[in-house]
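Here is the structure we will look at, set down as structure tokens.
In this document, chain identifiers A, B and C correspond to the written order of the chains, with residue numbering beginning at 1 in each.
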Amino acid sequence: MSNIILQNLEKLGVSLPQAAAPAANYVPYVKTGNQLFISGQLPMQDGKIAKTGKVGADLSVEDGIEAARLCAINLLAQAQAATGDLSKIARLVKIVGFVNSKGDFGDQPKVINGASDFLVAAMGEAGHHARSAVSAGALPFNAAVEIEAIFELVDN
Amino acid sequence: MSNIILQNLEKLGVSLPQAAAPAANYVPYVKTGNQLFISGQLPMQDGKIAKTGKVGADLSVEDGIEAARLCAINLLAQAQAATGDLSKIARLVKIVGFVNSKGDFGDQPKVINGASDFLVAAMGEAGHHARSAVSAGALPFNAAVEIEAIFELVDN
Amino acid sequence: MSNIILQNLEKLGVSLPQAAAPAANYVPYVKTGNQLFISGQLPMQDGKIAKTGKVGADLSVEDGIEAARLCAINLLAQAQAATGDLSKIARLVKIVGFVNSKGDFGDQPKVINGASDFLVAAMGEAGHHARSAVSAGALPFNAAVEIEAIFELVDN
């Protein structure tokens, strides 16, 4: 699948960044059996958090969508770092998206679509995933969005 | 197990609704190995969200319990849609329940019991599950509760 | 690995408490395949919640770190109860840490390090894990932190 994902990314004009180092004492991914767990990713771009603040208050929904897309790009970058070769990814299983918002915000699905749409565009059929989208009370470093993921790896 | 669950649901006076379509660009469930991941379910009833607002403020704890129960019914409806036959479900593994509340609310366990009690009533021993219950900062469309689940499937 | 963990805990001056009973109608852990899912743990000590309140407001970040460490001790206590023998734990896979805070808090990674640092100290290399750290809108009984975990079990 590697070539397909890389071709799709090229069409999308996206080059995967270097996988971000974790913000603390943990690791960015763990493989167990056929599952690859990726730690919660922030909307990092060029080594810093590109979107901070509360979506729907400090930031527009469109900004939130872009933040979610950046989280998804970083998820794929971690999957690349974990596997060395994206063809070892069988499919995306699930994401959980946390939006930084005030208590009256209700457009989490629209925001996390920024990630879902990108992942399906990049991975095709294999990018379809289960999902939960909620607001967090607050997020690390005031990031606008945080997203974690589980991928399924191909059998060895 | 199918007959048992269906018999239990009949005793409980619950008929599974048609599985709700996702609110965005993702899928309601993904199977990987023996695991079935169900996307976060809202308290849908008759095609619309039956309970909106903040539990403990706009809504009573009892309303929250009913919302959690509706989420659980929708989780089972998705499991039915995913398997075509609930006898393919070996057990419930885990749920995460997100309650829509203000910052001073502490009765998340009582609210999410609305789901846990229903799932154990419907599935019997196989319905016992690990669980986290927290408040979200806010939920999609101001839903009162959102719950996601992992089921274990029987070996093929 | 049991002896190593027990030796490490002794060096750390930590004795595992009796695994806490769940606050509601669910079970503290479920095994499925090689995975052990532990329910969200609160900062229990001597049978009660030792740290309550909002980190960064009612509580210092240092209090939050200690709360996270207590959650992690309870996660290990549950793993001990689940396996009867910690040598059956192959590794820690992932934790999700929920911090009780106001909307302007951004030090979730530092707080959840209280758990991550302890787990690596107790488990060594096998303790490295994927992680998400977010704030909840509120937590059960006003607990300062709640953490859930997935462990990988050794093959039978």
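Here is the rule we go by: a contact is a pair of C-beta atoms (placed from the backbone, for glycine too) under 8 Å apart; a residue touches a chain by one contact, two chains touch by 3 or more.
What you see is a predicted model, and the numbers here were worked out from it, not measured in a lab.
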| task | Would you kindly state whether over half or under half of the residue numbers at the chain A/chain B interface are used by both copies, giving same or different? | result | different
| Angle, in degrees to the nearest 5, of the Cα rotation that carries chain B onto chain C | 120
| query | Distance from the CA centroid of chain A to that of chain B, rounded to the nearest Å? | reply | 25
| query | What are the residues of chain A that contact at least two other chains? | reply | 33, 96, 102-103, 135-138
| Which part of chain B faces chain C closely enough to touch in the complex? | 33-35, 91, 93-96, 99-110, 112-113, 116-117, 120, 128-138, 150, 152
| message | Could you list, by residue number, the parts of chain C that touch chain B in their complex? | response | 22-30, 32-33, 37-40, 54, 96, 98, 102-103, 135-142, 146, 148
